[in-house]
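Two complexes come next, and they have one chain in common, chain A, joined by chain B in the first and chain C in the second.
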Partner chain A sequence: MTKIADYQGSSAVANVKKALEEAKKNEHYNAILSFCEARALERAAEIDRSNVTGRLAGVPFVAKDNFLTYGTKTTAASHILENFEAPLQATAIERLEAEGAICIGKANLDAFAHGGSTENSAFGPTLNAVDETRVAGGSSGGSAVVTALDIVPFAIGTDTGGSIRQPASFNGVYGVKPTYGTVSRYGVVAMASSTDTIGCFTTNAADAELVMDIMAGRDPHDMTTLPDFFGPEAVKRQQKIGIIREFMTDDVDGEVKERVSEYVSRMKAAGHNVEEVSLPILKYALAIYYIVVPAEISSNLARYDGVRYGRRAQSATLTELYGKSRSEGFVRENKRRIMIGSYVLSSGYFDAYYLQAQKARTLLIQAFNELFDTYDVLVGPVSPTPAFKLGENSSDPVKMYLADVMTVPASLSGMPAISVPAGKTATGLPVGVQLIGQRRSDAALLALAKDLEADA
Partner chain B sequence: MTEYEMTIGIECHVQLATRTKLFSPADNDARHKSPNSVVDPVDFGLPGMLPVLNTRAIELAVIAGKAMNAKIANVSRFDRKHYFYPDLPNGYQITQMYHPTILEGAIDVPMENGQSVTVRIHHAHIEMDAGKLSHYGEYSLVDLNRAGTPLIEIVSEPDMHSPQEAKAYAAELHKRMTYAGVTFGDLYHGNMRFDVNISVAPKGATQLGKRAEIKNLNSFRSVERAAEYEFKRQVALLEKGEKIIQETRGWDDAKGKTSSQRSKEDAQDYRYMPDPDIPPIVLTNEQIAELQADMPKLPPYYREKWSSLALDKSVTDSLLAHQSYAVLIANIQDSAGDAIAKRVAHWFASGVATDEETAEVASNFVPEGYIELAKMVDADELSSTAAKEVFNELLTNNKTPREIAEAKNLLQVSDEDAIAAIVDEVLDDPASAKAVSDFRAGNEKVIGFLVGQIMKKSQGKANPALAQKLIRERL
Partner chain C sequence: MATAISRDEVTHLATLSQLQLSEDEITALQDDLSRILEYVTQLSELDTSGIEPTYQVTDLENVGRHDEVVEPRITRDELLSLSPEEKDNQIQVPKVL
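Then we have the complex of A and B:
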């Protein structure tokens, strides 16, 4: 697979043209919703002319279509923003561009990032890069697939409950969900503000390190950003690693467990101490997640009302304007989450659901913190299964939610978690292993992954 | 006949005098701006926008709290209040439902009759204002200039029991907030708006009646009139044996009436939720003390300070109506003593228009000129009438009172020889002959006529006391 370094030193225009060509050749995957071809070529020509020396000078990338970008629309894969053109760019995009990176297009996602298969996109699902009958995963399915297909050396996405890690695992690429607050959320269509994170897809750990280093840091536009702590680190020897028992039960696909166990063997061979750890509270993580996150979704999606921008339905009254615009503009899963969120926030239920879930969330964080007093890293699968068949889960929302069971804990606790390719099943489906660390240990996780990658 | 008592609690929205909005860098001054011209993408509710808290708003809120003797929370939070309306771009208002910054407090409110009533403050929360809708028959237009303006909502306890108390509370709150620099306090532009909650029950009843909330009153007088009207309306209903329903009512200032807007049954579920985009506001006791230490003096300070001047309440009130006057008089009191301060205080109280239209006639707040003017009066260099004339000039220019008096030829002549010459002239005048003989016959009153003649001849400049003395010597 291609690396960022493969694009450096060659003409930016040639890089962009090649990426666009590859993208168009692979259009049937439906990984890219729109191109910003004119702007990309203009920027590439400018970079070639001026010999820009940024760390990503002339390197093409793709952004999930919930990042506000110039040069094309920002749809969040929804009808309500189908024709929305952003008047400004997300901080993450600005930082990448400042280093000379060139956005060539926008990747498909589950509408408003609600989902784990990209089947909830208003513009059709993205196909898995390895097996076209299977889902790309989601919600950042398009970003994972363009990276896996070598269209671009990296792509960026958002991870609220697994939306980077799971598609990375399904397509056999690296996926980074950083510590909450590492990268500014400014200019990224909000899903659940308290767990939304911005991360990347790459084909190797070193590239992930570079992209995260560029995107990370305090942004005056986002009060929840942390002071810049991210910087590439050397791997620590003889780490204490905990393999999470609750993630290795009989419910988990056998081959997935095998690949994880093999990765654990490599950890041991590299001199790390791996022990089994238990985190019983994990059984509540999904319940907590599917209360807190829909609550925030119902709030964050209230602005899409057809009044100022986006789809506006023909209507005779104000109430009808709201009702029809939102009814036409959101997909089923958006509406389901808005309904759940509105319910758990409503008077009389707030204490029983939302507050209770937040209390349980605090307990979950405490349990993680206690483990991290002893362990450097926790390890387990990313997803209980490899990529499932298109349509297999799409009629059963609960089954779909259950697939998030291993990714939501790190989201709720704000901890960094990365998805690392760990081989394939017998039928050739990629399997990812998940490394979870204490807050701000992002660089240490990548250093560990990089070290083990060299051993492979 | 049953005697009824009213119970009033007031919610007051105060626009904070920040340069930018509560969560965006847009200009917070929407006056005289064309619609939607001071709107940032954050105020517009664009996708991906995040609130960035204006720390000045927090400082002003702390100061506002301290101006009401309130406790300030060391940790407070923002929450989202959800409802759909075109003037609310995000579909939620950011407010403080669960953990407000300003906690319980109390203020003493001076009444017209010289007594005072204590009104407790339940809490005050910081929140953003919404935009404005204008309706044009077939369509409506949205102006978001005001969207995101920082407000504090001060919630009183139901401690008022008359329209006069309600009005006095509103006025005192306005004074304290403007003195503290929390708000520009421009009532006409809605810088302070009052929601008056009023209920009526038989006197001595242990349970309060159902309350009506009169929304959006923007003058002290309308607070008083609305409370008067509501009391009569509710008493009339109770007398007829009818029930009072809990509802929101509007006030029509021209008609002097309230009318129903919506009842409790229509109340929305706002689905309050802590705002995950804004970290908690943490204020240490040191930070709070520092802000408090830098606060300007408030009306109670001046009332106390002026007690030694023995001013009428009306004089005190006209001075307090303008912070600049209050500061000036206090300065004069410090540097020149009570007597001179009192003289200047009276000039300001009677000489300067106190209505809003012409309030800012004074631009000169340098104490020295006023002190010198008062001293000139004490030294008989100016008559009180002439002093008033000099004062009026002094208000707006930077000449010395002596320069003004000289330019206007107002200085009293106290040179005995000069006045003596005029006195002789008047006494010798045949027109004065009758008065002279009357005086000699023992009619003391006519001396006034003679002094008047001397003043006329001297064009008002003769020192009248000296003139009288010289007349007496001669007759």
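Then we have the complex of A and C:
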């Protein structure tokens, strides 16, 4: 697989042309929704004239289509934003561009990032990079697939409950969900504001470190961004690592467990101390998530009303305009989540659902904190199965949600978690191992992954 | 399948959420929402007495900024041009009442 370094030192225009050519050759994966070809070539020419330099000078990338970007539309893979052209760019994009990186297009996703397969895109599913009969994972499915297909050396995405980690594992690439607040959310379509994070897909740990180092940092446009803490660091010798018992039960695919166990063996061989740990409250994490997140979604998606921007349905009255524009503009999964959110926040149900979930979230964080008093890193699979078949889980929302069971705990806790390729099943499907750390330990997780990659 | 919420409740939630649903959608969503609510109801087993809720995970508190006027990045014309219908420098909508 190609690395960022493979694109450095060569002509930016040639890099961009090659990436566009590769993308168009692989159009049937439906990984890219639109290209910003003219702007990309213009920027590349400027870089070749040496007017722009930086750590990613001339390196092409793809952004999930929920990042506001110039030069093309930002649709969030929804009908309501089908023709939306952003008047500003996300801070993450601005930071990458300041280092000379070039956005060539926008990646497919589940509409408004609601989903774990990219099948909820209003513009059709993305196919898995390894097996075209299977899902790409989601919601950042397109970003994972363009990285796995070597169309670009890195892509960016959002992870609210696993939307970077799970597609990374399904397609065999690295995926980073940072500590909450690491990267500014300014200019990114909001889903659940208390767990939305921005991260990246790469083919190796060192590239992930570089991309995160560039995107991270305080932004006056997002008051939840943390003061700078992210900086590449060396691996600590002899770490204490806990393998999560609840993630290695009989419900988990046998080959997934085998690949994770092999990775753990490599950790031991590298001198780290690995023990089994237990977090009984993980049993409730998915239920907490599917109360808290829909509640925040119902609030965040209230802004799509067909009045100020986005697609408007023709209507005789204002109430009808809201109802029709939203109904036509959202996919069924968006409606499910908005309505669950309305339910758990409504009077009479608030205490039993929303408040109870936020209290349970405290218990979950406490349980993690207790383990992190002793352990540096927790390890387990990213997903209970490898990539599933297209259509396999789409008829039952709860079945689809269960695919998120291992990724939502770190999201609810604001903790960093990365997905690292850990080999394949007998039929060739990629498996990912998940490393979870205490808040602000992002660089240490990547250092560990980098060190173990060298041993592989 | 026994449903956790009634058809009337689904219709009420649609009104609260400003969604105009077809009859078929209401039927489908009644089933979907019932499955989801049945799943999340397991949280009631958990003893949370005396536990404070967590609403945010940043550890940050009262983040301030200097009391200075920041020039907006977007102009009024740019914003107006995003609107589906515009008239006399205002966004036009159908009658409210």
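FYI, the second predicted complex is superposed on the first by the 454 of 456 C-alpha atoms of A that agree within 3 Å, B and C clash if a C-alpha of one lies under 4 Å from a C-alpha of the other, contacts with A are read in each partner's own complex, and residues count from 1 in each chain.
Simple rule for what comes next: a residue touches a chain if its C-beta (ideal position, glycine included) is under 8 Å from a C-beta of that chain, and two chains touch if they have at least 3 such contacts.
Keep in mind that what you see is a predicted model, and the values were worked out from it rather than measured.
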Partner chain in contact with A:K424 - chain B first, chain C second, else both or neither: neither
First, second, both or neither for A:K73, with chain B first and chain C second: neither
Chain B versus chain C as contact partner of A:F350, first or second or both or neither: first
First (chain B), second (chain C), both or neither touched by A:R308: both
Chain B versus chain C, judged by how many residues of chain A each one touches: C
First, second, both or neither for A:I365, with chain B first and chain C second: second
Touched partner set for A:S194, first chain B, second chain C, both or neither: both
Touched partner set for A:K335, first chain B, second chain C, both or neither: second
Residues of chain A contacting chain B in one complex and chain C in the other: 84, 87-88, 194, 220, 223-224, 298, 302, 305, 307-309, 318, 322, 342, 346
Chain C - residues contacting chain A, complex: 5, 9-10, 13-14, 16-21, 25, 28-29, 32-33, 35-37, 39-44, 46, 48, 51-60, 63, 65, 70, 73-74, 78-79, 82-85, 91, 93-96
Partner chain C, residues of chain A touching it in the complex: 84-85, 87-88, 180-181, 194-195, 220, 223-224, 226, 281, 284, 286-288, 290-291, 298, 302, 305-312, 315-324, 326-327, 330, 332, 335-336, 338-344, 346, 352-353, 355-363, 365, 396-398, 401, 412-414, 439
Contacting residues of chain B [partner chain A, same complex]: 41, 44-53, 80, 82, 84, 86, 89-92, 142, 269-273, 275-279
Complex interface listing, chain A residues touching chain B: 66-68, 74, 76, 81, 84, 86-88, 90, 185-190, 192-194, 220-224, 295-296, 298-299, 301-305, 307-309, 318, 322, 342, 345-347, 350, 354
